[in-house]
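Working notes, beginning with the structure itself.
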Amino acid sequence: MDLSRFAFARPHVLLVESPGGTASRLALERVLRERGWPLTDSPADADILAVAGTGLRPYADRVWAQLPGPRARVDLAHPEHAGGALDGAQRALFDGAAQGEDAATRSGPPSDQSEGDGMPAGHGMPAAHGMPAGLDMADRAPDRDGLLLDVLHVPWGPALPWWPAGLVLHSRLQGDVLAEVEVSWVGDARSASSFWTSAAEAVGPARTAAAARLDALGRLLAVAGWEGERLRAQRVRDALLDGGEDAVRLAGLAGLQRLHQRVGRSRTLARMTSGLGRLGGGDVTARYRQWLTDAIAALESGADSPVTPLPDDLDDVLTRLLTGTEVSSARLVVASLDPWLTGALVAGAARD
Amino acid sequence: MSLDLFLLIAAALFSVGLYGALSQQSVVMIMMGLELMVNGVMLAGGAYWWFVAPASLDGQVLVLVALVVMAVEMAMGFAVTTAIFRARDVDLTDSAADLRG
Amino acid sequence: MEELGAALVLMALAAAVLAGLYAVHLLLVVDREPLAADPFLSGHPPTEHAVSRYHVRWYAVTLLFLAFDMEMVFMFPWALVVADLGLAAVVEMFGFLAILLVGVLYAWREGALRWT
Amino acid sequence: MELVLAVAFGIVAVAAAVAVFVVDSMARATYALLVSFLAVAAELVLLGSAYLGVLTVLMMTVEMAVMGVFMIMYMMNPAGLMPMSMVHNKRGALSIAIGTFVVLGAGALLVPWPSRTGEPPAELTRALGFSLMGEHMLAMIVIGVALLATMISAVLLATDRGRYDRYGDELERDTPRDPVAGGVGR
Amino acid sequence: MTDGLALWGAVVLPFGLLLVATTAASLSAALGSAAAGRAVPVRTVLQPVQEAARLLVVRRRRTQHPDALLWRLGGGTLFVTAVLAAAVVPIGDAPVLRSEVGVVWFNAAETLLWAALWLTGWGGNSVAGLIGGYRFLAQALAYELPMMLALITAALGAGSLDVVQVAAAQEDLWFVVWMPVAFVVFLVAALALSFWGPFSQPAGSDAAGGVLAELSGVDRLVVLVGRYAWLAAAAGMSVPLFLGGGAGPLLPSWLWWLAKTLAVLAALVWVRWRWPVVRVDRFEEIAWVVLLPAIVVQALVVSLVVI
């Protein structure tokens, strides 16, 4: 089986985060980055499904059924096991015989393969009989453009990479525009706050404040399609969360200043994000720039950085901001609100 | 190769296009029929140029003009279809006929 | 005329390379039967077929493009004779282009270059 | 060899043309039409017009891609998953079409076409350039104006919003109000 | 029938294109490793081969009610058209196919990408693919006209549509020197047509991979190979159009062509790691009201110089 050892020396990983899985996600992201295993966007390209945390059961199972195979799965409850779990997954990919058996069990239509019951049935569509593949044809609905064209019911999250843990966005898509949006949550909405609170106890408030913002920045950059800088942001973030002496903070500061130069001052990124998701006078551009300046300020002062407060009814705000945007704008807006939605930044404020 | 052969193919294309233009209900499908007819004209123009009067470039220019006419026809056709669809929520000629009344 | 024969030969050779890839795939793949899978929807089942009347938000740009594109029909032969014909050909072609750019300007002001 | 290719591409062109009105999926219909155009482009290359042939490939691919956009937008059931008939007066249309083919085909075969006079110019595309800039200049001027008219009327007809929706009734706003912003800012 | 075609060259061409394309993928892999803060060992150059092996082992997928014919046709068209486009590129002095309309030929092969990408997006019956396919069409509407004008500007400078003659016309002065706008526009178009780097929104992460979303196994490999092949073909074309073709001292002309092509390719790959994705809904307006007038002015300048 030399071939599969060669082929899967660098398996592609689909990483999704379940509520409360922040620690596991960070651990997985770090190991993957260090090994150079790429993160991928869809199950079709994935060899390994990595679920950070354990609260995503039915959704992760359905995604699992979509991995073409050879496939392996990591459900990571304890962040310290990230490396070992990924090693095990890779060994499973090497095992051609077992993969062949797994593939043989999956030859029917997809509905027979999904494990676990009680799948949430989208928008409660009645089962369509006599329709091809038992799926309905899309129906039409009015649009702001005055053309009565088809609407697709497209859910975003929770088993979606670079997406706030547990957020589910049910959208009605007309073309690439989200005509209507409905927000709901799987599990606890502010599930990341406990992780960042405990991180602050471990490595201090300043470094945590910077790391939380870098984490948000990395996720935004991933959605904005800037892989190189996403990797750099995560590198600095991981260094800051490492513990250790003051030199780490200074190295982190240097990395942050470089990011500020490259990302914060990027005119291309600013042009692509300006005017999106206006909230309290700031748009997406203003928010990621604020993260960078706040992170630098925190490291320079050695103290926590104050968090810009956002409205409490963030779900309603999200609905309002996303209605009528096209898909890439919507993803950017969600990513720019990610740390508030998951509680990563709220936690910092709570300690003041 | 002879002129007859190409003209025969062109005639076939033209006739298939004519059938489409006459039988289809949807504006966009009618346009596809018209396009096929122009397609036949283009082939006939190219063949006529090659087999009859290669020294003069009229045949070549005819094909170019046919290409442009096709594009203009398409742009206007799509614009009209969009306008009709916006106004009446249909793109069928049968249903659009009563726009006159 | 040689272009046609060349195109056919090249297409056949390129297709042969792709066919070779598929052949190697059949030898190596874990299971030859393609996996029947749902489309990726973040872990939700699909409720309807995705192929539908897709509301293209930039249809006005396509119309603009169709018209402007026709310019190129004339511009390729024009490029060969500019040096011989001199200023008259330049004035004529760029007059033509200026007319079309007026159309673009108009469309821009009407907001036709943006998603509706 | 050339005869074989000419016949083969002729068959492809006509078969694809028929397929346009036979297949259920609008995507397939659109790209069947493209195949028909590509086959005719191949015939044009066979007929010594390399420029016209390649240009036809270029223009028709783009136009069919655009046509696909509108086909998918406005046709019911664009993927043809639920086959349905969208024709009227099929029999009449068919008989007219066949009649036309018989007349045109008979003309093609029976008319004594003049025999070939002259030779094509050595550098055909260049000659075409001289011709367009010279004797056929009127065609270019007319087409230029026609294209402008097409642009303006197509935008006017197709779009729902215009400058008054964007800049206000008096065109008083500096920045337009649009559902989705553009890259230039005006 | 095939007078202008160098037959043995045609046989070698697909493989040569694959080789150059693999070089681009290797370089991209190295830059990615560096960005992740990892060492870049020599074996990184094998990474594209490794990826190809992976995709050959991985199973193919079929979504519910796909239009499999159009789906696969679209994916395969990418590579086939890349080979067609590369055929008119003079490798040094001689292209595989010498055609008097080589520039238009390249352009025509490129427009087939409109069909290819849209079909790849449509065929899978998946929302992500659909969004990606339509994004590519929107992107094509933006880059196509500037690119056509850039091609014409180079042809204008040489007074010929034959790529060999365009390269030969730069004996005294490379076109890039006095057609910088056309060169830049051509490179932007090269990125956009191979939906690469800043113009990779048709395969964007924000839409779960867009046109690539449902592709696995060899089906995905075919599309990726086609994409890299187009990147290589476009880089290769930029050399005879703007960078003097095979001109250069001492070395044989084909080697000069290769060196210049690899340099352009390296720049295109580097851009991927240097810039974020340019969103189509914003790029559309920029292309029409900034790029298009700019390249028209460039063409005007060139035509005034020519007469």
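Per-chain numbering from 1; labels A, B, C, D and E assigned in written order.
By our rule, a residue touches a chain if its C-beta (ideal position, glycine included) is under 8 Å from a C-beta of that chain, and two chains touch if they have at least 3 such contacts.
Every value quoted in this text rests on a predicted model; they were computed, and no experiment measured them.
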item: Third chains touching both chain D and chain B; value: A, C
item: Chain centroid nearest the full-protein CA centroid; value: C
item: Interface with more contacting C-beta pairs, comparing A-D to D-E; value: D-E
item: Taking each chain's C-alpha mean as its centre, the one farthest from chain A; value: B
item: Distance between the centres, which are taken as Cα means, of chain D and chain C, whole angstrom; value: 14
item: Centroid spacing, where centroids are CA-atom means, of chain A and chain E in whole angstrom; value: 31
item: Chain centre separation (chain C, chain E; CA means) in Å; value: 13
item: Where chain B touches two or more other chains at once, by residue number; value: 64, 67-68, 71-72, 74-75, 78-79, 82, 85-86
item: Two or more partner chains touched - positions in chain E; value: 1, 53, 56-61, 64-65, 67, 99, 101, 104-105, 122, 125, 127-128, 134, 144, 161, 208, 213-214, 216-217, 281-282, 284-285, 289
item: Chain A, residues touching no fewer than two other chains; value: 3, 42, 44, 66, 68-70, 103, 109-110, 132-133, 135, 137, 144-147, 149, 152, 154, 160, 175-177, 271, 326, 329
item: Contact pairs between chains, per stated definition; value: A-B, A-C, A-D, A-E, B-C, B-D, C-D, C-E, D-E
item: Chain C residues within the chain E interface of the complex; value: 1-7, 9-11, 13-15, 17-18, 21-22, 24-25, 28-31, 33-41, 46, 49-51, 54, 56-58, 61-62, 64-65, 68-69, 72, 75-76, 79-83, 85-87, 89-90, 93-94, 97, 101, 104-105, 107-108, 113-115
item: Of chain A, residues touching chain D in the complex; value: 131-132, 137, 144-147, 149, 177, 271, 274-275, 324-326, 329
item: Chain A residues within the chain E interface of the complex; value: 3-4, 6-12, 33-34, 36, 38, 40-42, 44-45, 47, 66, 68-70, 103, 109-110, 132-133, 135, 152, 154, 160-162, 173, 175-176, 221-229, 231-232, 235, 266, 268-269, 271-272, 326-329, 331-332
item: Chain E - residues contacting chain C, complex; value: 1-5, 7, 10-11, 13-15, 18, 53, 56-65, 67, 76, 79-80, 82-84, 87, 96-97, 99, 101, 103-105, 122, 124-130, 134, 138, 141-142, 144-145, 148-149, 152, 155-156, 159-161, 208, 213-214, 216-218, 221-222, 225, 281, 284-285, 288-289, 292-293, 296, 300, 303-304, 306-307
item: Partner chain A, residues of chain E touching it in the complex; value: 31-33, 35-38, 47, 50-51, 53-54, 56-61, 64-65, 127-128, 131, 134-135, 198, 200-201, 204-209, 212-217, 220, 272-279, 281-282
